[in-house]
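What follows is a set of structures for review.
Look at the two complexes coming up: chain A is in both, with chain B in one and chain C in the other.
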Partner chain A sequence: MSAASKDNKIVNEKIVENATCTFCGCCCDDITLTVDMDKKVITKAQDACILGKAWFLNHVIEDKPIARIDGKEVALDDAIDEAAKVLMDAKFPILYGMSDTICEAQRQCAPMMDDCGGTIDTTTSVCHGPSGMAFQGVGEPSMTLGEVKNRADFVMYWGGNPAEAHPRHFARYAVTPKGMFTPNGKDDRTVVIVDVRQTKTAGVADIFLQVKPGKDFELLWMLRAACKGAAIPDNCKELCGIEKDVVEDLFDKMKNCKYGVIFFGMGLTMSRGRHFNSGALMALATDLNEFTHFVAKPARGHGNVTGADNVVSWQTGYPFGVNFSRGHPRFNPGEFTTVDTLTRGEADAAIVIASDPVANFPKPAIDHITSDKCKLISIDTKQTPTSEAAHVSIQTSTYGINTGGTVYRMDDVPISLRPAFDSPFPSDLEVLTKLRKKVNELSKKANRPYATKKYI
Partner chain B sequence: MKGKLILIPGRSAKQGVGLNKGKLKDEYKKVTTTLEVSFEDMKSLGLETGDHVKISNEIGETNVIVKGLREGKIPEGYAFIPYGPPSSCLFDGETCASGMPESKGMKIDIEFIKKGEKKKTTLPPLNS
Partner chain C sequence: MNNEIHIKNGLVFDPTNKIEGKICDIYICDGKIVDKVSSSAKVIDAKGMAVMPGGVDIHCHITGPKVNLARKLMPEDHRLDPHFKTKNTQSGSGGIVPSTFATGYRYATLGYTTAMEAAVPPLMARHALEEMYDTPIIDNGYYVLLGNNLFLQSLIAEGRKEEFKEAVSWWLNVTKAYTVKLVNPGADEPWKGHKNLNVKHIDDNSKVVDIAPRTVIDAFINVVHELGLPHPPHIHCNNLGHTGNYDTTIETMKTAGDRRLHVAHIQFNSYSGEMGKSPQSASKEITDYINDHENITCDVGQVMFGKAAFMTADAPLTYLLRGYKKQKWVNADTECESGCGILPFDYQGMIYTHALQWAIGLEIFLLSKDPWRIVLSTDHPNGGSFANYPLIIKLLMDYEFRKEAMKHVNQKAMNSTILGDLKREYTLNEICIITRAGPAKCLGLKDKGHLGKGADADITIYDMLDDKEEMFNAPRYVIKAGQLLIENHEFVSDYTDKKVLRVAPDYDKDIEKVIKPFFDDFYSISFGNYAINDEYLHGTGQVIETKKKKSIYEN
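For the complex of A and B:
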């Protein structure tokens, strides 16, 4: 910490170098934070993008109770006891979220749901869940963002808008940085954007292709067929909205580049076709390896949604939508994913961690999770529609700002966090560790056949 | 003044900034209740930027404020809205066994409710 700063009159200033922004999946770990330790606020976030600045500079220690039951302030331990009781008394408890917390906290969740015979699901199920299903079908031609920076001379964004959702993706990893084999930055790269809208991302494109809404699969399949020697059909424009010669030129560029990469977004996974769209894209990237080196990667949204997939995968064998009611993990999207269990009115208790389904889920799911038929538990760093609707609400400290730990960048690279200042709120890890222990105790008392015998 | 459009909800930088400031605050509410429509559709529906409209489908309905976009920014017949509680009102819970509700490309009805308090002129197309 330094002495008085003349410019902004901060007397108790702390500089945190190489801090990681955990707002989006880019997890930029080169941010320099200036912290006013007296006021407990971050006054400057050097090198952060517009979203990163909003993430750091709007973080304040709120004057709110740590724990509430039905809106009334209670002791943290009482809230944890009640949450454990709700989960154990439920016939079909679900756990959802985890994409905005550290891996160490995520690690507590699967064993807890194992003990209460429930279901665990991450925000991936309403994000790149279809891509996760496609990985299992066609594989993932993967890479790290460091490889992209140093090698990629053909960069494509399909159905995503990184200029607004991942603003530093261009400058840090894929478009403008100068790499080992791309010494001239953007001049050494061909940048192609495929989208139904002319978004701000289109501004960086050498080639912008406005595909007909809902026709991504058709265009992807035409390119796959071209890899196998088939001609682009004459009615190409009618099929996908893009002229035949433009698609032929695109295919030429794809197969003649030295290192090609496609980043894809929810324009593919959220529209009709879902995992078939993601699967077609990854199969195309695989097919292009007959000509050159080609890879593909989903552009992940939340700061540690990639970590949630990794942690749940190494604990259960599956990335999301995992049910433990038979004493072993079963994966079945559509049956055990959160939107489905809520829409069908099956879940009678829901614990939501660092997520806000009441603001973002489909209306039938919101109607059920906020009804008397489903007891809602919320663990979050901020007040949200979900925390306000919850029976048990616990407010925690913010990862990357108040607590350290591990997050996974969108390319599955783990990064250690450097917190800026302490918070009076407990960490997700502390709350979830206590809750897991309590659920385990209750599970043993109830002689649940599958209760973990030894608390690990 | 009624019509039909196809809705594409998605992320925006303003929505990202708004949610960091707080989802219960006015800035987030304002961003997530702004519906972007092409200039051509604005003209055919007789709407101007700032007008209040009701958008609905078989799942639900919500009131939003309409904003015209320049030619080519969004295809004719389509509308964009940042993710948030208003867009969620229109999502169906059916996931076709994928876990993912169809969150882009929903057919919606759009209906004029009232003029905006602060009248703004709809943007003309760039080539006019």
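For the complex of A and C:
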């Protein structure tokens, strides 16, 4: 593709300014795309990082069927009818994924599962789900990323590797940019990295702290105790792998900064302790407000996983793992989260949207979702192990490249997408709107009794 | 024709058109109120019922980023109050901050058909609009937070009046807002930039404050008046919640001079006493000022005992309150624009301050002479849920009930107020004014809050019951834009074709050249991606005309 732009002049060229890259949760919205409208490819993605370039430049329109049932090509409407029937006939249908599609499409999902009495869950349940639970327990002092750029003089990353996962996080938001009260960029900031190993991220650190694996909670709790006036214990190194005086110095810096921020990643949420770890971190950030202004934020991964959290929350009151089988939303992670419902063999139908559990889930979950006991429906932009294993498979266009809509950046800031070129594939929004309508029609015909309060 | 409805035999309350409980016919066609309908129209026999315009909530927090954070924060509260699916409606979660579907349905089941979201930071306005579209039945609009906008403050400080006017107008347009909201103006900088401090005084000129709150307030009142917005600046005064804050409130109202101003949840700003000590009621001083000044409107922000949730752009206040019980707390700073604090809360009758706040709210209702300028609100969910509205109505309409209620709360607080001496009882017509006709007038909504020809056919029909709480808790019929939604207390259809109300004052496009450099330097999203396009209105936007007015009585 790059060869095309160098050697042959593009005849039908289009420039898209302020395009948003939806590869990761940074949602950088300052990308300038050069599009070859004849070949339907993006030839240049100016200002995108290495991940963003891969996302934009490798996108091609595949010559694949839009809809298939059991591998055979069918009309889209037939596939939607079959999918709706599968969901309505199932006793325990589940919906999973949603983090790589627009909010408008996500909004169709909860009402649909409400109509068929199923479960809705997002990829949050396997990434920052524990942070969501911790949030419910302790709250969170937080901010938009622009505040970090403008004000933060103390920036900490805990249990994450943004240098490789969110490559532009440093330059756009948190480490080097010059803001209103940080006119000298990185010189105005103290950057601290806490991790179990020295990743690429450690390279930007003023202070790198290598915490013992599985001992994040201990270090966090020591700092919390310090906020309440307790001394850092003498056996600090033994407890968490870091020298006492280093922790004391760290606490001093946290307490005396003007505007402190901690970003945390899955090193905290998916290691031993899970929501206790993220809860301890949010509580620490809260405690530090006794001394100064302090905030914390999970560094979310997928392009619109934050949007999925928001949409499911506003429609049901809970962020993920929500079940409708009793006629109203119930939240219970562990019971209604996807890995669990599959591993226990409960789900008898699964609709997966913009996600690939067959490639990523634990084996018992994969075994069930691909077995005869569970009818699988896949809506995705590419062929994946999940779409190949699916009973009904629908291929859709890609958000941010072929379709517009809304995504939420990791700090809950909503951004509108600017598509580069059309796709012959239908959008997630179109497919899900039709499917929701169909499920609604069937549920009205099914005439099932609706629960009323007397059954509580 | 099924788009026609004829309501007959009902006791009609339409204060705007001077109909104060008279039996007459109401005709509806194509979503509007008309003179007559054909004989095939659906007939609703409203014998023994009160017919009123749909309720209008002028100040509540129901959609947007902070609301959603509070929803996420309180699963324990949703769990106790599920909102069930019916054949015609979606399920949801209830509690003090219901999910969007539940919010819409629950407002409708109180007879409310319009509710204005009171505070959204511009950067997050897309979120609010998205949620509005998922909030069924009720028409919405929202007030955009501009009072702590750093760019606008710099224009005020530099005296660039013309550019300030254009910039405010630009912001209202690109965010699709209804009016300007000011929350504790001047307080963001001390909070975010000076280790969690707050402004202390409307003329505060200490080092931590870049610009005195009064200067900001004056500038916004002026520009909104100049632009002729249908609703004046909606202000959450400085020092809200602090003992002795009533003089700040009065100073704020004085700053308006004879220009229009809406003081939000004024109960929270009506405390006398010495700062830092227990508050006393200043309802008399506050209502005296309002009674004498036609340009001022307010909503009460009545406190009701039970669960509440603080959600406000007044972040320092929330943090202060968090200090009492150290419970879970959310702070959310928005770059260059706003702060925000969220805190689950309980109002308890036996606590002096809470009981006093309850009494002050009622005193303000009872002492104010002009019901058109005082609106019923709980600042949902800050003073309690909107679900309390029927109980508030009963408290206002029934002196004996009020006396009884006073016996069950903190007596020290009751003895320090004059509530027990206020024998006034609101009439049904006055209730109709403070819940519908008045707020519609304060908002400049000509098609709402009344039943005259051409008005939106948003109508609520209540059974006439002696117990007014019961009466207002469950309307027998609710009609939205001419569509029958609730019949015999049950939803018979869903309605999603709702409106987003907004303003669109003219502005000079060149102002973007002035604003853009600031964006490029200090915002984290591109200037080109900031303005919200019309798709977010889903074809349901309604622009309300702008026209300069000195009071709500001018047409």
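Following the convention adopted for this analysis, the second predicted complex is superposed on the first by the 441 of 456 C-alpha atoms of A that agree within 3 Å, B and C clash if a C-alpha of one lies under 4 Å from a C-alpha of the other, contacts with A are read in each partner's own complex, and residues count from 1 in each chain.
Rule of thumb we're sticking to: a contact is a pair of C-beta atoms (placed from the backbone, for glycine too) under 8 Å apart; a residue touches a chain by one contact, two chains touch by 3 or more.
Predicted, not measured: the structure shown is a model, and the values here were computed from it.
Asker: Is A:R151 in contact with chain B, with chain C, with both, or with neither (first, second, both, neither)?
Answerer: The answer is second: A:R151 touches chain C but not chain B.
Asker: Quick check for you: in the superposed arrangement, does A:E164 touch first (chain B), second (chain C), both or neither?
Answerer: Only chain B is touched by A:E164; chain C is not.
Asker: So, does A:Q210 touch the first partner chain B, the second partner chain C, both, or neither?
Answerer: first
Asker: Which holds for A:F324: it touches chain B only (first), chain C only (second), both, or neither?
Answerer: second
Asker: Applying the document's definition of touch, where does A:G303 land relative to chain B and chain C: first, second, both, or neither?
Answerer: Neither: A:G303 stays clear of chain B and chain C.
Asker: If you stack the two complexes on chain A, which partner ends up touching A:D29: first (chain B), second (chain C), both, or neither?
Answerer: So A:D29 only meets chain C here.
Asker: Scan A:Y173 for contacts with chain B and chain C and give back first, second, both or neither.
Answerer: Second partner only.
Asker: Looking at the overlay, does A:P426 come into contact with chain B only (first), chain C only (second), both, or neither?
Answerer: neither
Asker: Of all residues in chain A, which touch chain C in the complex?
Answerer: 17-18, 20, 29-30, 103, 107, 111, 114, 132, 135-147, 149-151, 172-173, 179-181, 258-259, 286, 289, 291-293, 295, 309-310, 313-319, 324, 326-331, 404, 406, 408-409, 412-416, 418, 444, 450-453, 456
Asker: Can you list the residues on chain B that touch chain A in the complex?
Answerer: For this pair, the touching residues of chain B are 6, 8, 10-13, 16-17, 20-24, 59-60, 72-75, 78, 80, 83-85, 88-105.
Asker: Spell out the residues on chain A that touch chain B in their complex, using ranges where they run on.
Answerer: For chain A paired with chain B, touching residues are 23-24, 50-51, 54-55, 58, 121, 125-126, 129-130, 133, 161, 163-165, 167, 196-198, 200, 210, 213-214, 266-267, 269-272, 274-275, 301, 320-321, 333-335, 337-340, 342-344, 356, 359-366, 382-385, 388.
Asker: With touch defined as at the start, can you tell me which chain C residues reach chain A in the complex?
Answerer: For chain C paired with chain A, touching residues are 63, 65, 67-68, 71-76, 78-79, 82-87, 90-93, 95, 97-102, 123-124, 126-127, 130-131, 134, 150, 191-193, 195-196, 319, 328-336, 342, 521-526, 528-529, 532-533, 535.
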